[in-house]
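In this document, chain identifiers A, B, C and D correspond to the written order of the chains, with residue numbering beginning at 1 in each.
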Amino acid sequence: MEYSKQKLHEEKVFKDPVHRYVHVKDRVIWDLIGTKEFQRLRRVRQLGTTYLTFHGAEHSRFNHSLGVYEIIRRIVDDVFDGRPEWDQEERLLSLCAALLHDLGHGPFSHSFEKVFHLDHEHFTQAIILGDTEVNGVLTKVGKDFPKHVAEVIAKTYENKLVVSLISSQIDADRMDYLQRDAYFTGVSYGHFDMERIMRVMRPREDQVVIKQSGMHAVEDYIMSRYQMYWQVYFHPVTRSAEVILTKILHRAKELHETGYSFKQKPLHFYSLFTGSVALQDYLKLDESVIMYYFQIWQEEEDGILRDLCERFMNRNLFKYVEFDPAKEYKKHSELETLFKKAGIDPEYYLVVDSSSDLPYDFYRPGEEEERLPIHLLMRNNELRELSRESDIVDSISGKRRTDHKLYYPVDLLYDESTKKNIKRQIRTILELS
Amino acid sequence: MEYSKQKLHEEKVFKDPVHRYVHVKDRVIWDLIGTKEFQRLRRVRQLGTTYLTFHGAEHSRFNHSLGVYEIIRRIVDDVFDGRPEWDQEERLLSLCAALLHDLGHGPFSHSFEKVFHLDHEHFTQAIILGDTEVNGVLTKVGKDFPKHVAEVIAKTYENKLVVSLISSQIDADRMDYLQRDAYFTGVSYGHFDMERIMRVMRPREDQVVIKQSGMHAVEDYIMSRYQMYWQVYFHPVTRSAEVILTKILHRAKELHETGYSFKQKPLHFYSLFTGSVALQDYLKLDESVIMYYFQIWQEEEDGILRDLCERFMNRNLFKYVEFDPAKEYKKHSELETLFKKAGIDPEYYLVVDSSSDLPYDFYRPGEEEERLPIHLLMRNNELRELSRESDIVDSISGKRRTDHKLYYPVDLLYDESTKKNIKRQIRTILELS
Amino acid sequence: MEYSKQKLHEEKVFKDPVHRYVHVKDRVIWDLIGTKEFQRLRRVRQLGTTYLTFHGAEHSRFNHSLGVYEIIRRIVDDVFDGRPEWDQEERLLSLCAALLHDLGHGPFSHSFEKVFHLDHEHFTQAIILGDTEVNGVLTKVGKDFPKHVAEVIAKTYENKLVVSLISSQIDADRMDYLQRDAYFTGVSYGHFDMERIMRVMRPREDQVVIKQSGMHAVEDYIMSRYQMYWQVYFHPVTRSAEVILTKILHRAKELHETGYSFKQKPLHFYSLFTGSVALQDYLKLDESVIMYYFQIWQEEEDGILRDLCERFMNRNLFKYVEFDPAKEYKKHSELETLFKKAGIDPEYYLVVDSSSDLPYDFYRPGEEEERLPIHLLMRNNELRELSRESDIVDSISGKRRTDHKLYYPVDLLYDESTKKNIKRQIRTILELS
Amino acid sequence: MEYSKQKLHEEKVFKDPVHRYVHVKDRVIWDLIGTKEFQRLRRVRQLGTTYLTFHGAEHSRFNHSLGVYEIIRRIVDDVFDGRPEWDQEERLLSLCAALLHDLGHGPFSHSFEKVFHLDHEHFTQAIILGDTEVNGVLTKVGKDFPKHVAEVIAKTYENKLVVSLISSQIDADRMDYLQRDAYFTGVSYGHFDMERIMRVMRPREDQVVIKQSGMHAVEDYIMSRYQMYWQVYFHPVTRSAEVILTKILHRAKELHETGYSFKQKPLHFYSLFTGSVALQDYLKLDESVIMYYFQIWQEEEDGILRDLCERFMNRNLFKYVEFDPAKEYKKHSELETLFKKAGIDPEYYLVVDSSSDLPYDFYRPGEEEERLPIHLLMRNNELRELSRESDIVDSISGKRRTDHKLYYPVDLLYDESTKKNIKRQIRTILELS
């Protein structure tokens, strides 16, 4: 039998705390899960440094990827199958794209991408199209199949309906991570009636739409998303850990560039430092490897690298104050000057971090980061953009919320063994007692 | 104010998915959580290799330790406080022992302890009593305080009531891990009414007892424990991963002893190989470090080490058949012979693994691993051993259940490029098709 | 010992699916629960006719009353006790007012109050202050105690802090019913982190305020409330049952007033019909009694009463269309005319029903139904009204949402045995196929 | 289209707190739910008097019946459909039998059946086969269809596989009520992995069997059942309410038989008193009607009837002591004598109540109440009886547990206004202080 149609002799189930069970019956999916590139996602945490704020958030991207797959499987097999607007030939493609959509994520993606100018989406494409086990499995389905999977994930696939299942303002990706991250952190946000939303999803020519009767479940989902962003994803303590992590990477790079001699050669970082990361090098990076280096760098000669690594490993994070970059730039430069005088390098120890989110947006053609709005399928079969029907969504639609904080090492500022007066000045400016 | 009595200006709360919130008001507890030895527990998984079977089981011992602390805090502050049989002077000691009881666990404890003859209890004592940040905090409470904490954990402390809170057949340790492991794996076992059990716990001279009215909640707890052991902890797939892990360590040790030259010196393993592990070396071991080595050993010269590491990293585990060592020793030695002939070293690729558990036991004085039975406090104030009152518990009391399996690499046995006939013989014996 | 200070020998616990356990230690509370006026609440459903839409909603006001009591108990004993702004002398008063706040509710309050011009708040006062078992218990606490309990419930008690615990925009009443009604209906709205909200509640001179750090939990609570109103409380099917119920009562009253002779004298209704309901008569009314009459009225001579009772008992409800009273009054009167022509009395069979809610409001002094806004306690100890801090709350604050529907008996309109053409005309206007 | 094949234009969903949603697509099922006989189940509580012990247990048999239907629907459509051993022609029959299996239950069945010698199974048959709306719907499917539905429920249908879905030691009925009753009472027992059990159910010639891999989920289910029986269903407080209820019915019957003149004629009870209950009379009985009579009987002349009704309505129940009928018959007759002397009629106020359950049983051919054992489907396709494979089940298999209690009105025994010395004697015997 054709590889793409092969079913496992017996369905495999994964016990999943969020969706109860993840079901796999297709051989292609089973084989993809078994590839080493997919197994590597077990060694990359879904929420990066969030576990330092919410200790339950230790779950991996492996978990999330299975979850997104399972959501798509249920939509396609239980809701879409048999509807004229849906082409069941797109089923396997949708499942594969769902499973693999995060394949290129590296360890602590956010910081790594920023410091080393990487892009996980680039690596997702590279893994799917390159010389990998994943590519081997996909190619067995068909010569063009890897390309199509890559296109769905890149949102360039011609069937926009399939694209919107995986990437839209109400896609399987978001529905999984909101629930999963809520489950593992233990917060009470993040709950919405996904079963209801799935049942009212309908395939249309170029997008998934939501039957009008499901509007309130969607409202609930959007509110969940809003709360998760501000209560969990942008939590200031997590951002503090992120700031330190970013500064560790900066420092290591800087040291390398200035010819510093590490006690143990940071081989895994070389290609990162030089900016040309080959796929095979990238695939060796995972959070164990990074934590290994942070562990040994606690014994490096360089004081800044050592200190930052100790802070990260032992969760001795920076404190913060609210900060308005537009109005307080003078205060900031004053603090920089004082930090230097106090012998605390502001490059590493005085950091502004900003977070910003748009909870929902209607369509703004031509604007950067165009977002597809959510459409309701009305009883008369017309489509209406969600915010025109929902008061609650309308009230937050298109409203970007931004938050800036200034991070600093409070312990150093209270160390009065040196530069006592300058540190007191700094504390006064920061309104520390 | 005395250090032991100091309260935080504002109570700290940790969001915990199992107990909703973990509350910390004592400065001593807050300081202990901040030590680097305690933070290290974030890098040791609670369930070792179980995440390869239940993908949600990625939670760390840090989580569990906070959970045990919280249970004891609720019992002591909400149930015991004010009862004449309870000495509130033992409160802080109980909380510290709860928090620190697993402090000495290393990465993948089970396998490491077996191969390198380590004992995590020994290291728990060493960390509490040695030159560590934890010891520094405890010593501030009182000169003898570290010793007392260590004694409670070692079960030698004179007040057996305190000991039984932390270690008995219904202690805070078990109540936390059953619920926590059920939560993270997602299984439906592991639920019992802990709130009820806590409310019916009563302090007595040398043990915690349970009011008769709570008997059924305790029955439920014992059944949960039984199911968790056989459905989760002894799951054959987890044991397969454990078998491979153990064999990796064996091989690395063997290679070291025979003078093999590793591509990168396995510095973190040296003291393990030689059998004299200093405390400071031990504290550097965590799962990131171990996974780092497994990662790089995938490129070692030695075929066995390389193969086993690849299996572990990419979850290409051994399969198994039921095995009765008493009756099937001949079959086993026959297989060993055939494996050797086939060029597959049976030392590493044909492994018997056994699991065994006693769900509950009454008191058997003098026997190895003496277990304290659970006592019910009857309405007439007498104590009765649980299995005398509960039919269900009586029916499983003292009945040890044991299970043996034989593990082997199924893929190698189907590789017919070499020794085709011998492999077929092996497969026939193993009843593979 | 003084009655008000007496504790039960052993704490009593009620298993509660929402709060896990309800704890009673005070003799006064235990005695109140045992009164027949309080036990009567078991025979009045919390959500009236909602069980005809959400079949799980069969829970009684007894449940809810215990729940409100338990919430106040936890706030007062676990959060407020010991704070200088809180007078622990008000504890028992708060608990009693919480327990008894809904005591005057009769069967299907909404419809009964409308048709017979009753007011459950009036009866709550009457039961607390009149010749009842409840009054007997309260008087044992102190001569003025019943009066104080009644004042707290009537919001006239001088200590406004106590009043605000029971009645405000974030009171124990709402926190219980949102969660409880969500639990029993099974909807996924209605969840918020009550434990968190309770922990950040602080007593102030004349109100309960919320620490700033709890703002997001409060946002979640307000969104829950919004969703519960529109998804559950104002559900159009529930309102259809409510319409029929109201019309049954109207009809029975009209029949009585016009001298109709019922097969069995509706003794329990006499005082309702005449508009002078004595307390002892009122206390005999519960939902069993009402349902008994509806049952036997299914065999009455009068066709309308009989038909409406059959509809209610057998859930053969009216259908509805959206209706805008401002714009569609002509259509309405046209339909009335046609209904009359078709022999279907529009007084009973063509009913407009409106629902309206204000999800949250800031303070509008002097306006009808003044609502106390929710105040946040900022880090600098100032108070700020919630909608000034929360974008989400601001976006819905003060926005009243109203919904009108027109109800009609669809089955009669399709009965073409008589007046076929007129019924077709009606169906055309109602846009029925 | 044939009636039996008709599907609703749009699937109907009921929000169910236990199964999340109940789905109805078949017109036959939708029509059955709409019959007045089925709607009547809304007015009969699932757990009779249990709500007086667990206040959440106010749910009706309507809820449970929908739940059993939904379980069968999922098994048949998601697990059995397509398997050669299953005849999809039996689908609709199975669904109807599931939905209607409890149709004949009257108010407080247990007590009514005992006192008036009724049998709800008899009435289930009568409703299905008699002149009812239910029969009308079923007959539209086919002339013999009502008979087949009745046979499945009576366990006489020739296809025993269908029978075992609805009635066996692991049937849809039990799986629903264990979970539902746990949900509404709020107890932590009653949880097991139903989704898992459903997935491992396999149709065989004359029964449903369970794949070996699901054995542990079944063990968990059996333990749940055991705990629910003893913690909830046989709770001594519930039994106290049941005792009083039974005695009310006895007394009313006795009064009727002795020519007592009730203030209001108890018309609804006449056929019960005379022992010939016609179907149409039976269908008018529901819990509202019964509660109506208990309400008005609180004002009857007869002291015993009045007192017992007041006790029931106001939850002033009897207390109890453990009682061994085999050993304590002398004590019992002594108490009877003393009760008479004290002027308290022992017929109504000194009542022995017994409960007994067999948690699981293997096959005992020929014995009364033959029970079909649960069979596991082993990997080699053989069937094995559950207790031979499961240690836990074996340990409780066939072990009947029985419990006897003696109930009495404690308040009367402490009323020392009369017969002080005799009452003291009674209290001494009952070991009351």
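What we mean here is this: a contact is a pair of C-beta atoms (placed from the backbone, for glycine too) under 8 Å apart; a residue touches a chain by one contact, two chains touch by 3 or more.
In this text the structure is predicted, and so the values were computed from the model without any measurement.
Colleague: Just grab the chain with the largest centre-to-centre distance to subunit B, centres being mean Cα coordinates.
Modeller: Using the mean of the C-alpha atoms as each chain's centre, the farthest one from subunit B is C.
Colleague: Tally the contacting C-beta pairs at the B-D interface and at the B-C interface, and name the larger one.
Modeller: Greater number of contacting C-beta pairs: B-D.
Colleague: Averaging over Cα atoms per chain, report the distance between subunit A and subunit B in Å.
Modeller: Between these chains, centre-to-centre, one finds 32 Å.
Colleague: Just the number, please: Cα centre separation of subunit B and subunit D in whole Å.
Modeller: Their C-alpha centroids are separated by 44 Å.
Colleague: Using CA atom averages as chain centres, what separation in Å is found between subunit B and subunit C?
Modeller: That pair's centroid distance is 51 Å.
Colleague: Check each residue of subunit A and list the ones that touch at least two other chains.
Modeller: Where subunit A meets two or more other chains at a single residue, that happens at 20, 187, 196.
Colleague: In the complex formed with subunit C, which residues of subunit D make contact?
Modeller: 14-18, 20, 34-36, 39, 42-43, 51, 54-56, 58-60, 62-63, 66, 183-187, 284, 286-292, 295, 310, 313-316
Colleague: What residues on subunit C touch subunit A, complex-wise?
Modeller: Going through subunit C, the ones touching subunit A are 187-189, 191-193, 196, 216-217, 219-220, 223, 226-227, 230-231, 391-392, 395-396, 399, 401.
Colleague: Quick check: in the complex, which residue numbers of subunit A touch subunit D?
Modeller: Spelled out, the residues of subunit A in touch with subunit D are 13, 20-21, 195-196, 199.
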